[in-house]
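Each of the next two complexes has subunit A plus one more chain, namely subunit B in the first and subunit C in the second.
The block that comes next holds the complex of A and B.
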C-alpha cells in the first residue's frame, strides 16, 4: 500500500492528465473563472479608485488630510481659539515622511463693504507658497497679480467683486472682530480677482497674505489652523498619531474624516452600494461557473461510471475531481489577475475620461471628469479569493453527483 | 415547426435548461436590482434636498441668487404669491425673506443665511419643522423666537432659550441689530445647511427691515412629473422674475444623478458581459454534449442553417423564460426592500455613526423592466451564436461516431 504522499501525487497526476485529455473543456471552464476574476477586479478597482479620487480632490481643495487647531476651534470657529504659529512645529511636521505640504491659515468672518453695499464674507490669511502647493490658489487668479509673481495685495472672489462693483486697483473696507474682541477695520486695495467653481466661495471669499491678516485681526504670529496635505490617504492615521505626539496638548489634531463627515458618509454609502453590486455580480458569475461545472460533469458521467465499475473508489474519484477543479480555479484566477493587472494599471495611469454635460458640470466644480482605477494589491487578491470560493462551492457538484452515481446506468448513458 | 422542436429540446434536458434559465434569471435579477438600488439612492437624495429647503420650484428677482443683496426683492410679492397659489399643480407656497446676516452669541460670531418665514406656510412646504431636536418650529409662545440648526448652535456655543443677536444691512445701507431668543434647534442630515441657517418669523423681521421684502418664493408642487410644466407656466406668467426648478437650483444633485447613471451603465455592462460569458460557456458545453445528436440531424438531411436556427430559437426560449423568472424575482426583491429598506450600515461601517438615514430603498421605474429584459435577451442570443456556429461546422460522420 503506497503511503499518503504518493497517493496524493498520483491523484494530482491523474487530475492533470484528465484536464489535458479534453483541452477544450478545460479551457472553457478555466475561461469562466478567468473572466469572473477579471470582471470582479475591474469593477472593484474602479469603485475604489473613484473613492480615492473623491477624497483626494475634496481634501486637496479644502481642508487637507489633517489639521492642527487650537482646542475647540473647529466647533466654535472663533479667533479666540486660534493658536500661535510655532515654526519649530511647522518644520518638524513638514519633515514627516508622508507630508506633502503644511499650510498655515488664519480664517474669520468679516463684513466687506464698498459704498452702501456690505456683505458677510470669509476672510482668510494664507501663506502663498505653501497654499499654492496644496490648493493652487495662484491658478484661480483671473485678473491682477498672482502671489508667485510678487502680488502683495488682497485677492477677492469674482462674484463678490461683481456684487460690490469693484475690480483690481479699487479699495474695499473690511470690518469685523479681531483676536480677543478687538475691532478690526481697514481699507484695503484689491490686488487680484479669484475665480472659484463652487458658487459659495466665488461669491464671498477674500484672501490676504498671512502677515496682513494677522495685522488686521490683531493676532500677531497666530493662525487658526495648520492644514496638512499628505501624499497618500493610507498614511493618515500614522501621520496623525505622529503629529499628536509632537504637538502640545493645547492643540487638537483632526483628520478629514472628522472635519468632513459628509464626505465620509457619501463614501460609506457608496461603499455599501458597491458591496451590494459585487454581491449581485458574484451571483451572476456564480451561475456562469456553476453552469460550466454542471455541463462538464454531465458530459463525463459515462467516464465516471466506467472508472467506478473498473474498481476506482468513489472517494478517490471525488478527490481527483476536486483536484481538477482546484487546478482549473487556480489557473483561471491567476490568469484573471495577471490580465487585470496591466488593464487596471493602464486605467490608473490613463483614467477613463468622461464627456458631455456631466464632464462640464464636474469641471465647473473644479473636478477632473475622470474615472481612475485603483491598483491597491488587496483588490486583486481579495477578488481572486472570492471567485475561487465560488469555484470551490461549484466544485462540490461533481462530488455530489459521484456520491450517488449508478455505474451501470451511467455507462449506458442514462442521464438523471 | 422549428419552434416546436426547439421548445421540446429545451424541456428534453431539464437540468441543462434549468441551469441556463437560472443563469439568465440571475443576470436579469441582478440588473433589475442594481437599477433599483441606483434609482432609489438618487430619488432619496433628491427628495431629501427638496424637502429640506429647496422645494420644487423657486422664484427670485433676477440677480438675487448670485449677489444675495437685500435690495433685490420681488416686486409686488403679495400678488405674485397669490397668482402662484392659484396655479394648477401647485401644492404649497412659502414666501421667504432671505438675508445674509451675522449671528452673534456672547462667545462667537457667525455668518448665516437668515430666512424670514411665515411659520404655517414654511411648515407645509419643507421638512425642517419635523426635524426639530429641541424646542419647536414657532409653536411656543415666546416673543421674537429664532430657530437655528443644531450645528450652528454648537458653533455659536448656545443652547435652547439663549439670546442671539442678528445683524444685517438694510436696503438703505444702515446696519440693524435685532435680539432674538432661540426657540428651537433642528438637525437635518445636511451639515452645511444646519451650520448656517436661521429662521425667524416674518412678523418679527419686517419691522427690522423696515418694509416687506420677499426675496424667494418656494413652491412645492403635487408631483415631480409636472415640474417642467409648472415651472414653464410660472416663468411665462412672470417674465420679469427668475423661475427655477430644483435642477437649476442644485446642480450638484444633477451631477450626482449623472454620475449614478454612468456607474449604473458600467455595472449593467459588466453584468451583461458576465452573463454573456456564462451563457456562451453553458451553450458551448451543451453543443459539445449534443455532438452526436446534431451529427444525426445533419446526416438525415436537416439543413445546417436550420440547425443553427434551432439552436438560436432554443436560446431565445431559454432566455425569454429566464427573463420572465428574472423580472418576477427582481421586482419582488425591489418591492420587498423598497418597503423595508436595505441597511447600508450593515455593509459599510461608520455610516450609522452620524445618525443619518443609512437605509436605501430601491425603486424601479416601470420603463426600466422591458429595457433590462431586452438587453438580457439580446445578450443571451448573441452568446448563442458561437456555439451555434460550432454545431453547424460538425462533420456528420465523425460527430455520430463520438461518444455522448
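The block that comes next holds the complex of A and C.
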C-alpha cells in the first residue's frame, strides 16, 4: 500500500500529464488566468500609484504629512494663535525615524499693493533650507536670486507680479495685521519671481525669509505652523503619536487627513469607482475561467466515465482535477505577475503623461498631470490571490460533476 | 354696532400710536448720538483673552457718507488714517507713505484688530428705516428706567440680524443697551452704553462696550473723551490729500 505522499506525487504526475495531453486547452485556460492577473494588477497599480502621487504631491507642496500648530490655529487662522518656535522641539521632531523634513512657517494674509492695484494675498515666512528640503521653493524661482544663492528673500508669484505690473527689483507694499492687532506695513523690494503649477498659488503667494516675516508682523520668534514631511505615508499615525507625546498640550498636532479632508474624500470616491471596476473585471475573469473549466469537463466526461468504470475512485479523480486547476491557476498567475512587474515598474519610473481637459483638471487641483504606477508588493500578491481564488471556485465544477457522474451514461456520451 | 366700530377704531388708533411712539423713541435716541457733522476723540480698548491694547483716535464725520479717522496711539500706529467715502474705505500708512484702498474681499476683516469690521464703518443699514419697532415693556438698566424696544428687520432690508433689542432710558432717550440676535434667535453680541456725561450740551453715555457672547474674554470698549456736534466740515475735507495732512 503506497503511503499518502507517494499517492499525492502520483496525482500531481497524473494531473501534469493530463494537462499536456491537450496543450491548446491548457494554454487557453492558463491564458485567461494570465490576462486576468495582468489586467487586475495593472489597473490596481495605476489607481494606487495615482492616489499615492496625489497624496505625496499635495502633502509635499502644501501642508506636509503633519503639522504642529498653536491651539485652535487651524480653525481660526489668526496670528494670535501662533506659537513660539521651540528649537529643542524642532530638533527632537527632526530626529524622529521617519521625519524627512521639519519646516517652520509663519503664515498670514495681507494686502499687497503697488500704485492703485491692491490684492489680498497669502504671505508666508519660510526657513529656506528646510523649505527647500520639502517644497523645493528654490526650484520655483524663474527670475531673480534663489534663497540658496543668497537672495534677499522676498519672492512673489508670477501671476501676482503680472497683476501688479512688477518684476525683480521693484518695490511693493505689504499691509496687514500683525501679531495681537498691531499694524504691519512695509515697503519691500522683490528679490525674485516664483512659478507654481497651481493657479491659486501662482496668482497670489508672497514669500519672505522667516525673520523678515516675524519682524513685519511683530511676532519675534513665533511661527504659525511646523510642517513635517515624512519619508512614507505609512508612518503617519505612529509619528503623529510620537510627536503628540513630546509636544505640550498647548499645541495641536494634525495629520494631512485632518487638514485636507477634501483630498481624502476625492481618494475615497475614486476608490469606490475602482472597486466597482475591479468587481466587473473579476466577474468577467470569473466567467472566462469558469467557461474554460466547464468546456474542459464536458470534453472529458467520457474519459471520467471510463476511468470510474475501470475502478478509479471518484475521490481520486476529483483530487486529480483539482490539482490540474491549481496548476493552471498558479502558472497563469505567476506568468501574469512576472509580466506585469516590468510594465508597472516602467510606468512607475516613466509615468503616463496626460493631456487635454483631464490634465487641466489635475493642474487646477495643483497636481502635475501624470499617472505614475505603484509598485507596492501587496498589489501583486493581492491581485494574484484574488484571481487564484476565482480559479479555485471554478475548480469546484468538475468536482461536482464527478460526484454525480453515471459511468455508463457518461461513456455513452450522455451529458450527465 | 356703533359700539363695536368705535372699539375697533380705538384699537387701531392705539396700535398706530404705539408703533409710532416706539419708532419715535428710537428716532430720538438715534438723533441724540448724531449730528449733520461730528468731531470726536475716542479711546478704543481691544481686549482678547491673551492681550489687549488701546487705540487712540480722532474722528471727523459728515453724515451719512463721509468719515475720517486719525490714529493717535499706540506709537507704532500713530498717524494711520482711515477714510470712508460712501462704501469705500481707504487707509493712509505713514510708515510706508502710501494710500491703500481696502478691496471688497477685506471689508469683513477686523478694523485695527477690534471687534468692528471695515464693513461696520461703511454699512448703511438704518436703525429707523430697515426695522419695524415695537415697545416690549419697561425695564431698568443700571438704575435707569428704560423702554425695552424690539426691532425686527423688514423683509427687504439687507440686515444680517434676526432681531435687535434696545433699551432706551425713559427720560433722556439714552441708548443704554442693544442686544443683537442672529436669525436663529441666539444672542450674538451686546452693545452697552454707560458713564453718562454731557458733551456739547447733550447728555450721553460716553463709554460703549461691544461684548461678543460666544467668545469669552473678548470685548471692545469705546470711550469718548470729546464729542462735538455740527462742527463746520465740508466734503473736501474727506479727500486723499487731506489723509496725508490731517493731524
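The rule we apply is simple: the second predicted complex is superposed on the first by the 373 of 416 C-alpha atoms of A that agree within 3 Å, B and C clash if a C-alpha of one lies under 4 Å from a C-alpha of the other, contacts with A are read in each partner's own complex, and residues count from 1 in each chain.
Assume a contact is a pair of C-beta atoms (placed from the backbone, for glycine too) under 8 Å apart; a residue touches a chain by one contact, two chains touch by 3 or more.
The model shown is predicted, which means the values in this text are computed figures rather than measured ones.
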On subunit A, do subunit B and subunit C fit together or clash when superposed? clash
Mind working out whether A:10 is in touch with subunit B, subunit C, both or neither, as first, second, both or neither? neither
In the superposed arrangement, which partner chain does A:393 touch: subunit B (first), subunit C (second), both, or neither? neither
Subunit A residues in contact: does subunit B have more, or subunit C? B
Thinking of the overlay built on chain A, is A:185 touched by subunit B (first), by subunit C (second), by both, or by neither? second
Considering only the touch criterion stated at the top, classify A:25 as touching first (subunit B), second (subunit C), both, or neither. first
Quick one: classify A:46 as touching subunit B (first), subunit C (second), both or neither. first
State whether A:309 touches subunit B only (first), subunit C only (second), both chains, or neither. neither
Quick one: is A:116 in contact with subunit B, with subunit C, with both, or with neither? Answer first, second, both or neither. both
Taking the superposition on A as described, I'd like to know which of subunit B and subunit C A:177 touches: first, second, both or neither. both
Subunit C: which of 112-120, 202-210 or 220-228 bumps into subunit B? 112-120
Doubly contacted residues of subunit A, that is, touched by subunit B and again by subunit C: 80, 111, 116, 118-120, 177
Inside the complex, what are the residues of subunit A that reach subunit B? 24-25, 28-29, 31-32, 35-36, 39, 42-43, 46, 75-78, 80, 109, 111, 115-122, 159, 162-163, 176-177, 199, 203, 261-262, 264-265, 268-269, 271-273, 275-277, 280-281, 283-292, 294-296, 298-299, 302, 354, 357-358, 361-362, 364-365, 371, 413, 415-416
Would you pull the subunit C residues touching subunit A in the complex into a rising list? 46, 48, 50-51, 53, 74, 76-77, 80, 91, 93, 95-96, 98, 100-103, 105-106, 109-110, 112-114
Contacts from subunit B onto subunit A in the complex sit at residues 13, 15-16, 19-20, 22-23, 26-27, 29-30, 33-34, 37-38, 41, 66-69, 100-102, 107-111, 154-157, 169, 172-173, 175, 190-192, 251-252, 254-255, 258-259, 262, 266-267, 270-271, 273-275, 277-279, 281-282, 284-286, 288-289, 342, 344-351, 354, 356, 358, 360, 403-404
Of subunit A, residues touching subunit C in the complex: 80, 111, 113, 116, 118-120, 173, 175, 177, 180-183, 185-187, 218
